[in-house]
Amino acid sequence: MTNSLFSLLMLVLFVGETLTCFTLMRLPSLLRFYALSSVALGGLAIGLALEGGGVHLIPVAVAVVAVKALLVPFVIKRMAERSGASLRLVSSLRPSASWFVGIGVFGSGISLALHSPLYQMNNMIQTPALLPISFGVILVGLVMMIIRKDLLSQMIGFLVLENGIGAFSLSALGGIPVAIEFGVYSAVLIGAILMATLSQRVQNLLGTHDTSHLSELTD
Amino acid sequence: MSLFSQNLLFASLLFTLFSGICALGGRSLVFHKLSQGLLLVSGVLGMLASFKVLLAPQTVLYFGLASSEFFPVFQLDPYGAVFFLLISLVSFLSALYAVPYLASYQETYHLQSLNALVATFVLGMQLVVVSQSPMAFMLGWETMSLASFFLVVSDRSHESVKAALLYLVMTHLGAGALLIGFLLLAQGFFFADFEQLAALAASAPLWILSVCFGLFFFGFGSKAGLVPFHVWLPEAHPAAPSHISALMSGIMLKVALYGFLRVLLFILPPIGATASLFILGFGLLSALYGVLYAVVERDFKRTLAFSSIENIGLIFTMLGVAFFAQSQGLEGLYQTALIAAIFFAIAHAIFKSGLFLASGLIVRAVHSRDLEKMGGLARQMPLFSMVFFVLCLAAASLPPFAPFFGEWIFFQSILQNFSSQNLFVTIVLILTFAVIALVGGLAIFAMVKLFAISMLAEPRSEAAREVHEKPRAGELFSVAILAFLALGLGLYAPTVLSLIGASVLVSSPAEITVGSATIQPSLIFWLLLGCVFVVWILRRIFSRTAHERIYHGWDCGQPIDASMEYTATAFSAPIRFFFRLILKTKKTLVAQPVVATNPWITTRTATVDLRSIWMDYGYVPLGRFIIEMAEQVKKIQSGNIRFYLLLMFLTLILTIWVAL
Amino acid sequence: MYILKLLQTLFLGPRITERKAQFLGKDVEFESAGQELKQMISSLYGGRSLRIRAVDGGSTNAEEIELTALSNAYYDIERFGLSFVASPRHADMLFVTGPITRNLERAVRSTYEAAPQPCIVVAVGDGACTGGIWKDSYAVVGAVEHVIPVHLKIPGDPPSPTDILVALMSILKKNP
Amino acid sequence: MSLTIAVFIQGIVVLALAPLVTGLVRWFKARLQGRHGAAPWLVYFTLLTTLKKENVISESRSWVFRCVPFVVLGIALFLSLTLPIVFPSGGIPQVDLFVLAGVLALSSVFLVLGGLDAATAFGGMGASREMTIAALIEPTTLITFATFASVAGSSSLQDIFGNGITVISHPALLLSFVALVLIVLAENARYPVDNPATHLELTMVHEAMVLEYSGPYLAMLEYASSIKLTVFLLILGNLVGAGLLTTVVIGSFALALFESTIAKMRFFRMQEYMSIAFFLALAGLILIFII
């Protein structure tokens, strides 16, 4: 169990921000909270490193903060402003309802992970407590992509999902070796850039980020 | 000598390959003749190889790198040699037939690709018969199916493309079933050959054996054209050029039979009573259904295709009775029924390929496949019509010809086992006996209709009135050989039986004995001929042969013309009426008034066309159901990304819940 | 039972077929081709068994009724070895009735040519023998001999079955 | 030696008797209709006169038209020589019941081809009907033969008549004997199936195919059909255990009586006739193994 107070605080922050991301309707605030949750993730990594999880976690944490907290929100904000997209995001759920859905999904993710055989093998995992939580975050990310109608928030959903996976790797394997971590982060960065340009193109073409208009292409 | 005989088989396969390659040489007829010539040589070598194996049963020809795990070993054992002999014989004759025949079809067919495909087709069949492991078997099977698919498409007309696609779907469903069957049986040993498979099968649990039997039965049955899976056969065979449909109908169906028997006799342990009744039921169904449609069909080559289905049904019935007897412990009936099936298969291969080759000449002469447009060809092609007549009599399995003695052996073997103890066996044998007898009668009807409507009486269309393209020497020669073989096989049935290893039935060189009944085929033939000759002599003694006068037919005083003759539809009308429950025909009557104001004076046109109940109540509803299901599934592609993500989310949950 | 009563009358009942003598030995003269007819009959085994095809050349059906009466129980032509057949191909003798009208001229000629030689042609009734009352009509060709060679003429409008039988017996000279 | 002599004598006897049988049937029918009727031996003269007649042949025919009479009469000769109908052990053992069925089918095939080759509507109609009857009677014939063969243990007629298998040797044989009678009537185009003495071409079956033949060919075909009738009558006679002469006289009287008491069946109701015969034969065959 993570006994140090610092990593516990980081964990709570990480979960709280992810859930708030789930419910936010304006792009700047969504980006801000996503950055905060990435910073929390980085802090979590540092906390684990301090507990003797291996010194290689420090550069990982730095990379997380650098890429996810700074670079990706910057790219998305600039792209959104340049394409003139409305900062008002569209979702199929009102914010209050999405809170309940978010918590429900997070809870079911945790219970699902608890029953899974992976969790019973806790002798192998460094921080067993983190595993269900990270799984919950993965599910929240996925549901966010489903619930949100516009492209940008779906991107953020995908990034939250990716955060969840990072946390999962932290808890299960005690952090992925640096080279792979950097690979993942570069992939995330390129992914974000790609998605941003794509949504800009869609904005120019259809005049809106709402994915429900995309279906006209198929008819 | 053994070294030479070793490579006889290899040489035959090689020459088929060379004929294929050199066919692609160029457009001129020289390459066409060269490729067919090579095919001839491969046919001869193949016949020599199979005779060598048949005459000295213990020698087994094999070639290929015996040791290597990957490359399959090819081996010709006595059982395969019978079919290899058939393949070589008919490919030899169809190559001989094709040289002049294709020369007159240069514009419809692309000769280069056609000859190459024929060579691959024959090579595929030879590989199937020679292969000793499932992989090689399937290799040969696929080359055979694909080559025949392209051959059916060769004239690029719309309906032959449609027929070929149906054929492709059905054969590959079958091939898929075969593959699954082999793999299921091999339980993981992919490269096991037939002996290892047999060993594995011996110890395999019952459910694997029954599933494998079902798969093999569907696979080989759909290829052989058993009824529920036969819909492709009457479409595909007529669409191919005639010497190809002769190869397909005469030989490919036998290769499917070979595969079925190879699996049942050499790999699977003796199958139970229910499985054999299964074969028997389907055999009877396809025999009865095939012959009924052969009788009422108006298209020349489709009649032959349906009669192929009927004969295959007969062969599978004989197999069904054989395996049923084996399961009930009647060893004698098992032996004779199996021999009758193989003998009947050989006879069918010979006369059916002869009929298809002959149909090629007739269709070319009349420029159409419709029986209603033929007539009076016997007067314009007397020699050809005599050869065609012999083949039709053989196809109707009448006495002096080979199929009659195949059926005679089968009937005698059933007769002797009627009085077996339990009643169930007797009832099954009696019902089989009754249906086969009905099928025999109707088969005669079909073949008489085929010969009479196309050959006799007045020509019913301009094209048939004066035939421009008379059969050339090469074509007539190959058809004549097949007719002579059909008769010869009948007369020397005892020697042929002892050749294919059924000497248990041959008591003395000229007699076939089943139980207590004996028959001397040649004696019957010479007796019949003798009686006809005596009558010819008596007629010359008692009446003056010169006292003759030619005058037009008795027409009750009013001049009649060809349109008043009986056509194929009219000839088969009673049968269509008696079996109207089974044979669905769609009759439409259209009356157009001649003068708009006067409703009474109308010209009425009636059209009667044949519905295939398997297609109408079987495959078309099935197809419609599948398309409807596809429509439902299509709704899932709503174009909404979030819906796709939801699906991913659900699958993620499901997998985690199930797997982790 | 009805069948038994029927069989009883047929087997044990009175004989109703006219006696043969009634038709033989009559010396009524009939116009016939004489020598040629005799030669034909002798070549057909004395006419013991001849097959007749009745051809209608445009008659008023009166002669047809008489011809059908020939094969009933009273006159019973079969006992003399004569029988009616369906096709001229099987016929040895043609009974032509009625004046040959224009439409049926071709039919009568093709029937005669379809019948194998030697074939005896018998003109039955006045219409066939001389053209009868329709002789000069525009629609009639005339007597049968204008169309096909006639070997025996049986006058009468229509000739009764007895007359026909007497004529036939005279040429066939059946011993009594 | 005795076999060849028996075969030769039997051939002569059957060939001589054949026209007499048809004559007798006609004579009995005439008597049943109250007519005096032609003398039974008149048929000999009819055949001889037709033999002497000219042979008129239509020009729209092929070689098949010419060879049909020879083959049909040849097969009739084959039947009369090889079947052991006059002497119980006379026939050639090789020719068993299945060969008999095959040969009969062969002769009806040739007759049908002759009818079709005449290029007239009557020939086609008769041919189509004859072929239907031949095709639909085939299963009944084979089953009846199978019944007699399974009672006698072997399918050759010589064993059946040799060791005295008659109708009374097994109760079920009565059913197949009645089926055999129905087959004989259908095969020889007698009364319920076809009216031999009809003049109306539309109702003819056997007669229509022979319409086109004349002269010697016609004589040969008529002689062949009378031989076939005699052979079948003798087979039925042997099955009842009657001698040669009694079979001929009583048989032809029975046939004439049967024909005088019933009417011809409409062709398109032939299905019922065929199914009655088929199920009688099937019942006979099954009963043999039940009783």
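Order as written gives the chain letters A, B, C and D; numbering starts at 1 within each chain.
The definition used in the following text is that a residue touches a chain if its C-beta (ideal position, glycine included) is under 8 Å from a C-beta of that chain, and two chains touch if they have at least 3 such contacts.
What you see is a predicted model; the values in this text were computed from it and never measured.
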item: Chain closest to the assembly centre - both centres taken as Cα means; value: B
item: Top chain pair, ranked by how many C-beta pairs fall in contact; value: B-D
item: Distance between the centres, which are taken as Cα means, of subunit C and subunit B, whole angstrom; value: 60
item: Chain centre separation in whole Å, for subunit D relative to subunit C (CA means); value: 33
item: Centre distance in Å when subunit B and subunit D are each reduced to the mean of their C-alpha atoms; value: 35
item: Between subunit A and subunit B, centroid-to-centroid distance (C-alpha), Å; value: 67
item: Contacts with 2+ other chains: residues of subunit C; value: 87, 89, 114, 116-117
item: Contacts with two or more other chains, residues of subunit B listed in rising order; value: 549, 551-552, 554-555
item: Where subunit A touches two or more other chains, by residue; value: none
item: Sites on subunit D touched by subunit B in the complex; value: 51-52, 54-65, 70-71, 73-75, 77-78, 81-82, 92-96, 98-99, 102-103, 105-106, 109, 112-113, 116-121, 123-125, 127-129, 131-132, 134-139, 141-143, 146, 149-150, 153-156, 211-212, 215-216, 219-220, 267-268, 270-271, 278, 282, 285-286, 289-290
item: Subunit C to subunit B touching residues, read off their complex; value: 87-89, 104, 106-108, 110-111, 113-114, 116-117
item: Of all residues in subunit C, those that touch subunit D in their complex; value: 3, 7, 10-11, 13, 16-17, 43-45, 48-51, 72-73, 76, 78-79, 81, 83-87, 89-90, 92, 114-118
item: Residues of subunit D that touch subunit C when the two form their complex; value: 26, 30-39, 42, 45-46, 48-50, 52-56, 198-201, 204, 207, 210-215, 218, 261
item: Residues of subunit B touching subunit C in the complex; value: 549, 551-552, 554-558
